[in-house]
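In the two assemblies presented below, chain A is common to both, partnered first by chain B and then by chain C.
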Partner chain A sequence: MAPWLASGLVYASALALTAGGITLLYITTRTFNFAHASMATWGFYVAYTGTVLYGGSPYRYFPLSFLFGSLLGVVCYVGLNRPLLRRRAAEITLMMSTLGYDLVLLSGIQIYCDYLTHTFRLFPRRVTMSSYDAEIFGMSASPLILPLTAILILTVFHLFLAKTKFGISMRATIENPLLAGVSGMNSDKVYLAAWVVGGGMASLGGAFMSMAMTGTPVMGMMTLPFMFAGAILGGLYSLYGGILGGFLVGLAEYGAVYYLAMLGGPWVLGYRMAIPLLIMAIVLLVFPSGLAGLPWGSLPRKLAGAMRGVKS
Partner chain B sequence: MIITLLVLAVLAYIFFTGGVPLLLTILLDFAIFSIVTLSLNLEVGHTGISQFGRVIAVIAGAFAVGAVPGRLLAWFMGLPHGAEYADDAVNYTVVPKLTELLASSVVLSVAFLLFSLILAAVCGALVGWLTSRPAIRLKEAYLGISLLAFGDLMMWVGHNWEPLVGGTTAVFIPDPFRVVWAYRFPAAVGTALVLVFLTYVLVRRLTKSPFGRALNMIRDSDVAAAVCGKDMVKLRTYSLMIGSALAAVGGAFYVIYAGTCTAVGFTRLTWTFWPWAYMMLGGIGSDVGILLGVLVLVVARTLILINRTTLFGFLMAWGIDPMWLEYALLGLVIIVVVLFMPHGLVPAKVEPVLPVERVRQVAERRPSEQPDSA
Partner chain C sequence: MRRPGVAVIAVLLVGLLVLGASCAQRQQAEKKPTVETRTLVALFPLTGVLSTFGENAKVTATLATKDVNEWLEREGKPWRLDLKIEDTATDPPTALQKMKTWFGTGVKFFIGPYASGECKECLTFANANKILFVASSSTSPALSIPNDSLFRFCPDDLVQSPAVARTAWEAGVRHLIISWRGDTWGDGLQKGISEAFPKLGGKVYPKGIRYDPGLEDFPKEAALLNDYVNDLVRQGVPKSQIGIVLIAFEEVAPYMAAAAKYPVLKEVPWFGTDGTAHSAALQKHSVAGPFAAKARFVSTMFAPGAAEKSRFDYVKDHVQSVLNRETDAYSYNVYDMVWCLALCMDEVGYDSEKAMAILPRVTDQWTKVNGASGHVVLNEAGDRAFADYELWYLSESGEWEKIGIWRGQTDTVDWIKKIY
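Showing the complex of A and B:
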């Protein structure tokens, strides 16, 4: 396995989860969730606290991270998002409300870090979670386990959307809230479910992310643009597109930086964040509906047509 | 009105307990953030652009002042002025010499200050033009996120590209206020307040002019504006350029006052989200409200900061720094404003095109048609 691929895979699955969460919340509640940043960081700190204080592998505490994220999501929905949705607030207002929530959560994270430092004599402001990682086949387990976990979660979620009654009503509400409401589906429950899953995915993604990079109180805040880049690459209208977009952005960042640094020297490393943003800019300017908006079915035919000079 | 009086009372209280330096600190914060927030309001409140990258223009102004005027002076004096100017070992020795030069002449200091501010405004307008390229294509949320990401990118470029503003280390800036020695602080605050006044007048005049009304029209309905023959692309570009130039002046003044410019200091939290919170509290689209909103929050933050040991001492027992409550305060302000007072402290009023008195005069001139139209 190439050296960048190991942490790249972990990072990419983290971005896939968070970008998927952002997309899910956007297609259900029209909310660009800024609070994803601090929700992710909280997920990391839940896993960190469990690992450091109660021992064992960090993976044991990942479900707890997911639950905590769900809790944060429910609080955000009930306290903030639902009143605004009922008022038919504008997209910008919804965005700003989650920004306020994010700042409150960030303040909580910082206070919690101070508390950990003072009470347990820990150093929670620079954490290398990968040092707690288990080993499989003589190498660290995270590049293997985490992408598999991400795929597992997404499969479960897909089955839930495709096979269960509530999942189908959820899809219906996403497609057309008005029609779904007329057919007797409770959009309130659907939105709540979206926040439960979206918040959980954010926190779990944050816990994943800490396995690939140094965990700090502003980890989520720093990576928020990349989560958005993944969601935008996915097109923002398809959940699977968002997940795939996040994954591609993560892999592209690690891979491109690795090879560019080999070519151009280590100074490239400082500008790594330009890569996801470049992807985002290209997507927005060239195919604004993202991956999901591309005509995958007819693409080969169209490309062939374009080569022959036929306009389709 | 009540809030204004309340804030003034608090200011008087601060003046009597904390003395002049504290008051000046508050006024300086107020001035710098007022400029930035007024410019934000021009773009968000009056034009309806979702500007989540205010930090871009602020960085443009700050980096321009950090990189260019000092180098020019060094060039005139024959001191190192190339890429090595920003190297901290060189910078540390060069800039005090430049400051001494500035301290020797009032004219030179004033010229330096004016040149820096104008340079910042030009750079800001340039960056504003650049950001207007996507702004005319993208929908509001997409645009907001692109601008936000671009702001982060600019900060990291400044952080990594050392010749610009020293990279991870700070670059010092020759001090044009050294001429007045002991009165440096009051002079800086006075200049800042003059800048706020000029910005306020400019924004007021602009938004009342036909240009400003066209901006409001775009915000309310771009289709209607297009029907009336208003070129949306052009107007949005102008609005972004003017707003960014003003914000750049704010950023430039901040680094001139501080005397140093560090790239990592220009986070989106401080220079995008705080101005947004100020603007939302004051009332989006209301220029008087902006000033009040900035004042209220700056005073509140300063009070938290200076009273943190007495008010929040119980937190210190747990090892918690009450400084973090600042974030919570800001977040709660945004949440409360969004939920309970969406129009802010001073809601933006729909103002008639002409003053009522003037409308009456016009009506009196044509008595035969509609005498009571006023």
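Showing the complex of A and C:
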């Protein structure tokens, strides 16, 4: 597998998780979570700390990254989001409150980096986690393991939503909070669960991301536009659309940019950030509801019909 | 029922306390002469792509301030230097915003910022407000301007570009591929090297890779470099005649980590500049460090002239004890900058315009004897005027080794150790 494609797959898996988390929080609590940036970075630092201080593969510490992200999510919900939701705060207020929380988390990351630098003489501000990666079939494990792990997590989450009682009540609350409340469902628990899962997905996504790119204190902040692009591409109201959107944006950033640079010259690299966002804009122009608005059921039939039309 | 007597007693007690405190304060003031505080603000990249340099600079500036204040106390001077360190995040708008904020509180003396892009951002504001700022590592020729507010304790890249080109030529390279960070500094050096190398008879590959300075991962850039080297090989150019110049700061580490995935990129020699020489990020990187050694990555770094009682070892040992690593050449400049500005303040007071006028003389006099970075002579543009460059190589043992010196006057390399 070409190295750029391997990195692209890992990065796309990371974006799928983080974009899924953003979508989940938006459809449950109407909150665009800007703190996703630093939650993702914290996820990376949890995995990094475990790997360099306690040894072993970074994958061992990924569950801890998820749990730490969940904890950050709970703090955000209990400390900020819930009080604001109870006051019926506007979406912009909810969004800005998470931006403030993100800045607090970012400061915490910087302090933590100083602590690692001065106490353990580490070099935590520029980390290549892939150097700790294991090997499978003579190649890095992450391009195989991480996409599969992302799919596994999302399948488990799908089963949770579709098959468990709490999952069904969660979906009901997402679709119609008022009716769900009248039916006796506890929306507060549902929102809390959304922050537990959303925060966890953000941090786990950050840990994944560090296996593809350099881990820095601002890693999450640098990739936040792409996380949002993935969520928006997915249609914002569909969890699965968000996940797919994140994956496509991630692959576009690596694959499309590389091929365009190969064909058109290296100047294309300067538009690295613009290209996936442009793809997102084009998709939304054609399908205003994003990927979730695509007629997935009839799509193969329509495509086949279109192909037949072209042939005749 | 209210009792007015209690209130009266309380008021009297408070009054007595205030009177007593003010008397005590006056007595203390009479005993001790007032010590004035003069603020020097350091704009360092404590985060971002120059963060290692920023950390080193913070340690050396703090050391210099301590030394200055001890000297002021010994000499019985009526003022003390107060160093305030700010993080610019290696981001030009942030650097300017910090400068404006401190200027608003009356500060007119700054050291830093580090990158040329940051200095350029601050220059207009500093010129308009007569702010004296001294940079330790900005090397862009675009900022080599006489009578401006910016002084630089390092030479500009018009000197460095031929040094890189000659080093590559001496290494047997005849085809150069250049990749550089797309900022004032990177663009200037790329242009200089692209002009200097053909003058020696070499060819610069037409597709150079200019990347976003904020970039932290380079799989696409490494893939393109691999394509370009293979393209030259297909054209019949021997690998020994192909060289890669990487004009980068600390992102050199992730760049080389990405390049390490392509075997052919290890087989051609790489060249760097003062942005990568002594990079701790590269040295400590488990993938990029060994790759740099394998690719014989040689970086240029200006060679300071000798000082009579140089504080080089003193500063070096101090950084080693605090950060457990060898410091970079720019941090020695920082130590000298703090001292020179303090001496200017001592001579003309907290007046930046007068200080600008005497800074070249004070710098010359102080660094000739004490300079940690050697003897600093500033040219008419306020930049360091030395013209020799040391060649540094990250060896397989993981240590930076000096392997040669490029002589500016003769455009020749004196090799200390042959690696080609």
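The rule we apply is simple: the second predicted complex is superposed on the first by the 290 of 312 C-alpha atoms of A that agree within 3 Å, B and C clash if a C-alpha of one lies under 4 Å from a C-alpha of the other, contacts with A are read in each partner's own complex, and residues count from 1 in each chain.
Here is the rule we use: a contact is a pair of C-beta atoms (placed from the backbone, for glycine too) under 8 Å apart; a residue touches a chain by one contact, two chains touch by 3 or more.
Quick caveat, the model's predicted, so the values are computed rather than measured.
Considered on the superposed chain A, chain B and chain C are sterically incompatible, since they clash. Shared-chain residue A:Arg86: touches no atom of chain B or chain C.
In the superposed model, A:Phe228 lies in contact with chain B only, and not with chain C. Applying the stated contact rule after C-alpha superposition, one finds that A:Gln110 touches each of chain B and chain C. When the two structures are aligned on the shared chain, A:Gly270 is found in touch with chain B and with chain C.
Once the two complexes are laid over each other on the shared chain, residue contacts for A:Phe32 go to chain B alone; chain C is not touched.
Of the two partner chains placed by superposition, only chain C is touched by A:Arg125; chain B is not.
Residue by residue along chain A, chain B and chain C are tallied for touches, and B comes out ahead.
Of the two partner chains placed by the overlay, only chain B lies in contact with A:Met280; chain C stays clear of it.
In the superposition on chain A, A:Met96 makes contact with chain B only, not with chain C.
Annotation: chain C segment clashing with chain B after superposition, chosen from 44-52, 98-106 or 368-376, is 98-106. Once both structures are placed on chain A, chain A residues 110, 117, 267, 270, 273 are touched by chain B and, in the other complex, by chain C. Taken together, the chain A residues at the contact with chain B in this complex read 32, 80, 83-84, 89, 91-93, 95-97, 99-108, 110-111, 114-115, 117-119, 221, 225, 228-229, 232, 267, 270-271, 273-274, 277, 280-281, 284-285, 288. Across the complex, chain A meets chain C through its residues 2-4, 7-8, 110, 117, 121, 123, 125-126, 128, 130-131, 212-214, 216-219, 222, 254, 257-258, 261-262, 265-267, 269-270, 272-273. The part of chain C that touches chain A in the complex is made up of residues 47-48, 51-52, 55, 182, 207-212, 214-217, 219-224, 227, 250-251, 253-254, 257-258, 261-262, 280-281, 284-288, 323-324. Every residue of chain B that touches chain A in the complex is listed here, in rising order: 50, 134, 137-138, 140-142, 144-146, 148-150, 152-153, 156-157, 159-160, 269, 273, 276-277, 280, 315, 318-321, 324-328, 330-335, 338-339, 342.
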